[in-house]
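Labels for the chains are A, B, C, D and E, by order of writing; each one numbers its residues from 1.
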Amino acid sequence: AGCGSNSGSTEDSKAATTASSAPLAGSSDEASTSIDLSTVTLRVGQTGWSNLELGFKAAGLSDTPYKVQYSVFQGGNLQLEAMAAGNIDLGSTSEIPPLFASQAANGGNFKIIASFESTTLNQELVIPKGSSIKSVADLKGKKVAYVNATTAHYFLAKMLEAAGLSWSDIEAVPLSTSDGLSALISGKVDALASYGNAIISAHQNGATELASAKDILSGNFLYETTPEAISDPAKHAAIVDYLTRLNKFYAWTRSNQQQWAEITAANTKQPVEQALNTLKLGEAQQPSKLSSDFEKAIASQQEVADTLAGLGLLKSDLDVSSIWSREFEEELQQITAESE
Amino acid sequence: MKTSKAKPYFQRVAPWIIPLLILLAWQTLTGTGIIANNVLPQPLQVLNVFIGMLKSGELLTHIGISSRRAFSGFLIGGGLGFLLGLINGFWRTAEKLTDSSIQMIRTIPHLSLIPLVIIWFGIEEPAKLILVSLGVFFPMYLNTFHGIRSIDPGLIEMGQVYGLKRFSLYLHIFLPGALPSILVGVRYALGIMWLTLIVAETVAANSGLGYMAMNAREFFQMDVIVLSILIYALLGKLSDSAAKLLEKWWLQWNPNYASR
Amino acid sequence: MPQTTNGSHIHIHQVSKQFDEHPVLTDVNVTIEQGDFIAIVGRSGCGKSTLLRLIAGLDQPSAGSIQLDDQNVGTMHEDTRVLFQEARLLPWKRVLDNVRIAAAGNDKTSAAEALAWVGLEERGGDWPRVLSGGQKQRVALARALVSRPRLLLLDEPLGALDALTRIEMQQLIERLWLEQGFTAILVTHDVSEAVTLADRVLLIEDGKIAMDIKVSMARPRERDSTFVYYENHILDRVLNRDARETELLQSRKMTYSI
Amino acid sequence: MKTSKAKPYFQRVAPWIIPLLILLAWQTLTGTGIIANNVLPQPLQVLNVFIGMLKSGELLTHIGISSRRAFSGFLIGGGLGFLLGLINGFWRTAEKLTDSSIQMIRTIPHLSLIPLVIIWFGIEEPAKLILVSLGVFFPMYLNTFHGIRSIDPGLIEMGQVYGLKRFSLYLHIFLPGALPSILVGVRYALGIMWLTLIVAETVAANSGLGYMAMNAREFFQMDVIVLSILIYALLGKLSDSAAKLLEKWWLQWNPNYASR
Amino acid sequence: MPQTTNGSHIHIHQVSKQFDEHPVLTDVNVTIEQGDFIAIVGRSGCGKSTLLRLIAGLDQPSAGSIQLDDQNVGTMHEDTRVLFQEARLLPWKRVLDNVRIAAAGNDKTSAAEALAWVGLEERGGDWPRVLSGGQKQRVALARALVSRPRLLLLDEPLGALDALTRIEMQQLIERLWLEQGFTAILVTHDVSEAVTLADRVLLIEDGKIAMDIKVSMARPRERDSTFVYYENHILDRVLNRDARETELLQSRKMTYSI
């Protein structure tokens, strides 16, 4: 399946000692002797649509030696909700949902184990067609929709701060991505802070960008798993393998942009050109790939936490590193090193 | 004769057995940690949150706002449903014209209309009112209509033969005859009312019980989530009891209600 | 004959009624004068109630026409009242209120008075469901009598009553009929009751008016020889239809005043 | 007599007048641009999407998956509700023990339980089944119970006096007597079934009509949104018609149903 | 007396019944032998149906006890059947099926036979709602008679029937009673019917058994002088209670066999 090229060296170096790394083990005999992945089922969350499941299939990466069970959620917060209840093993969110989830009674039953860099495009504050608003400062006293407890929440706060406004200067309306979109297009709110498909669709319906978050956000995409999965050698190994494949998958999308855009377009019901355009622009701005720089990622998230704390949304003393686990750091460094 | 003294005692105690058992199981399972706190908080913990929110006045504000929304919607939608049910139950032409359309619309789950309601009516109070009214309209309409239609035709004939005209016929025969069914409709509608509100209050609300529950969900506050469920149950129970009281009062003549 | 006759007159012309394919009445012709008191007798299931419903406009004839005061009976008529074979009391109204709905202007006093006529003045506050069978029937009678109709149709109004109560009720009906002068049609399975009350007795048999007898006796009627003559005359006609019945008659040697 | 020929014609046409008027208004208002396309798409546009999705097979897949979920939930929840309704309607002790608890739980809007259902039962099919079952359980229970309780006591007495034992009494008196009410319950339950599914399919689903509608909302595809509403209406209408057919068939004896 | 007496015997001891504060029966004492045929007469609302319900175990006495075959009547008894004053047909079953539920083993043939007894063999396939009043009553009678009880309680079973059908039904009841030997209690407002059928006639008045007469006549009974003697004896007792009734009697000069 074109994925066994770099498996040999990792096995030699790690399998015997930690018994935790069997990347792409399907091609290797030794891996199956050290750890039996065939009994493992990895439950993976996806946001929006089945992008990973379909992407892996298209990229020929879905022949995992363990079973993968996918679920689709409306947002990262819901993935963490499912994780708190022990319903998924691997979730992916932006930097914000874990901050909130960590405030749950048991700390949310998760740890952040990895960070992917990705584009910060399509994270914007937009205004409807024909709006008279010219700048963020004009939003004073206006109705602004945002998606609660997401990057939109964060960058809206940052934008207001930059424009010399405080959160209470606007009438902030928490809406889901879809409701926010409907409200904006039908003119029921004066502006919308949102991301992804909502922004693309908003533009299609005549909305214009008031401010972009591309320089506010880190673009970090965090992967979380449960403490039990971390300490379970088999799951641990499966996760490492999965993340390896994930990194390959993003590489594949770069080299197969047309094909991936077609799949995306078909599943999100948008024109292929639009999907392709989004993909190209995003990759140009900041290509999606695994990052093993834990310090940088944690520092970035700490800044977000401090901002939200300043808004009174989080306890001010949150130490972000406490919700991270570095158990995967070594393996991840290996992967990034190999993929360079 | 012998059992007549033992029974009332059992009958008074019986309804509480299961709730008490549940509460007991809940406390022991969570208290001993067999069920983790993030799966289900302890009853005492929920009680604490309850007292805390009660003291801060937050809870009562939310309840007040939700109740106002709920009952305004109930009055509008329920009133319309009742009126249309009466008219269609009574007047064949109106029924022929509107009933099948209403039945068609009834089969649209009203929550699927949320996007359209947002687009047409915005995200403020009117949207919530409309959703609740929509939800409440159909059970009231259906039950009023069904109630009128299932009145013993013999009694209607009697009323007509004794010269009762439109209004008197309504007052003396249709309304009282349909009342048991209408009250069942009221109890359904009350259920749907709270159900709708929960969903409606997750759309752009920053107050109300639905908002409180959704907010708690985002912050993984299991205790608040459970508390909000219990409060819904309480509110539901209250409105249901009110409806039951009406039943007892208005339906004295009916041995099926009188005897309970 | 009543003093004042403000009753309706009825003209039944070639009326047939069938349910599905099953004929109940065929080509019935009757003319009923203002203020008449008509009794209809006949065996169970012969179509007495059906005829009453047609006259009341509660049902439409399959063929033929019925005219009430020279107008075709389309639906119910303003001044016609029916006492149905079942009591049809409103279960959600107390006894007095059940009678009140028929009283002019919902008048409580006249309703109470009507209850007293039927000997139930003390039961006004009860729910209908606690009444005995005969009591329910009497409430229905009170409701019919309080309503001052021009045409009163009575479908076995006294079927559930004991002998004594029955006589009282017959006298009551006769008295009110004489006072108010309405036209009355009484369905009964009791020939003696028919002769006691009616000016004219109709027998329905095989879907037709098989007999139509004028009873010319002064009121109040006594059980004298004329009475017995009419009674026997009608009974003979009713009973001597076929061999089986004659035989029955002989084997029992009873008079059929039941 | 004169009107008897004109009426059936009017009666056959009448139910279609309002839907046709609505369709006409819809087409003219959107076709002429008085209502913008992003507020309400044109009927023809919706039809196009419909045909497109039908051809690609996508629509039928979604419908199939949703229907399976809906009816499994209906069978489980409805069946349980029916059984418990029967038992409680018949057996006083069971009623005393459970009815008031059930009524208490009934007042909890089942959609407010979503967070708990996720935590307890996960996000897969079982969670959806449980939500639908929960939603369907109560109307079935209530109506079965209410149906049995409102049977003319005189008929029950008759049955007992004629020596009918438990099972025969059920079969000959309770069940047929409660049937009109049970069927009303079925029709309610079918409504709630689709309603619940819409919300349940937004929880971690990647298939089904609810997912399709939600997805369309994310991209503001008004035509798909409207299409999904129409399909809900269609499915609702279908299941409702099936229930109505049962009514017609089982309730021939009842003049109120026979005459329609 | 029937040949075989497999009927129940009943012992009613000091039974009182009151609804709310309103007493209906007070200190009633009656003993009924196996296979007896008892008739209960009395004015409308005197408590006849109430007594029947107590014996059937459908209601509990406020005081006193009722023993059926030496056992206290707690709830309904296995072998007791009641024909209620109303027909109580199941509206959702066709006529034949209504009768079948009472037939042993749900037997269709015997149900059809019972329908033939009451002259409704052709109506088996109809819904009860299309029957006439008297037809409904006859279906209820067929249902009661097909059930082979040990104790049969009949509450005005023939109230809605015409004279002729009535006699046929009386003969039917008598024949089955003779054949099957059950104990029968018949409530009727027709004294002549009571004398025709019963071994013993009880009159209820003011909540008490005001009269208890044995009717010793051979069966089938004919309307001879003994018959008339019994009839008049009972009627005198029923009617000669107070001045008003005596007066009524004189003013009308009728025999009270209605």
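Heads up, the rule we're going with is that contacts are C-beta pairs under 8 Å (C-beta built on N, C-alpha and C of every residue); 3 or more make two chains touch, one makes a residue touch a chain.
None of these values were measured; they are calculated from a predicted model.
Identification of common neighbours of chain A and chain B yields D. Centroid distances from chain C, each centroid being the mean of CA atoms, peak for A.
Should one ask which of B-C and A-D has more C-beta pairs in contact, the pair is A-D.
In this assembly, the C-alpha centroid of chain C lies 26 Å from the C-alpha centroid of chain E.
Here the CA centre of chain A is 38 Å from the CA centre of chain D. Chain C and chain D, compared by their mean Cα positions, are separated by 50 Å. Shared interface positions of chain D, defined as residues touching 2 or more other chains, are 39, 115, 119-120, 217, 255. Looking at chain C, one finds that residues 86 touch two or more other chains. For chain A, residues that reach two or more other chains under the stated contact definition are 81, 84-85, 178-179, 182, 185-186.
Chain pairs that touch one another are A-B, A-D, B-C, B-D, C-E, D-E. Here chain D touches chain A in the complex through residues 38-39, 115, 118-120, 122-124, 202-206, 211, 214-221, 224, going by the rule given at the top. Per the touch definition, chain B reaches chain C in the complex via residues 154-155, 157-164, 168, 172-173, 176-177, 179, 251-255. Chain E makes touch with chain D in their complex at residues 56, 58, 76, 78, 80-82, 84, 86, 88, 90-93, 101-102, 127, 129, 143, 147.
Those residues of chain E that touch chain C in the shared complex are 19, 41-45, 48-49, 85-86, 130-135, 138, 155-156, 159-168, 189-193, 220, 222-224, 235, 238-239, 245, 248, 251-258.
Residue ranges of chain D in contact with chain B, taken from their complex: 10-11, 14-15, 17-19, 22, 39-40, 93, 96-101, 103-113, 115-116, 119-120, 138-139, 142, 146, 149-150, 153, 180, 184, 188, 191, 194-195, 198-199, 213, 217, 222, 225-226, 228-229, 232-233, 235-237, 239-240, 255-256.
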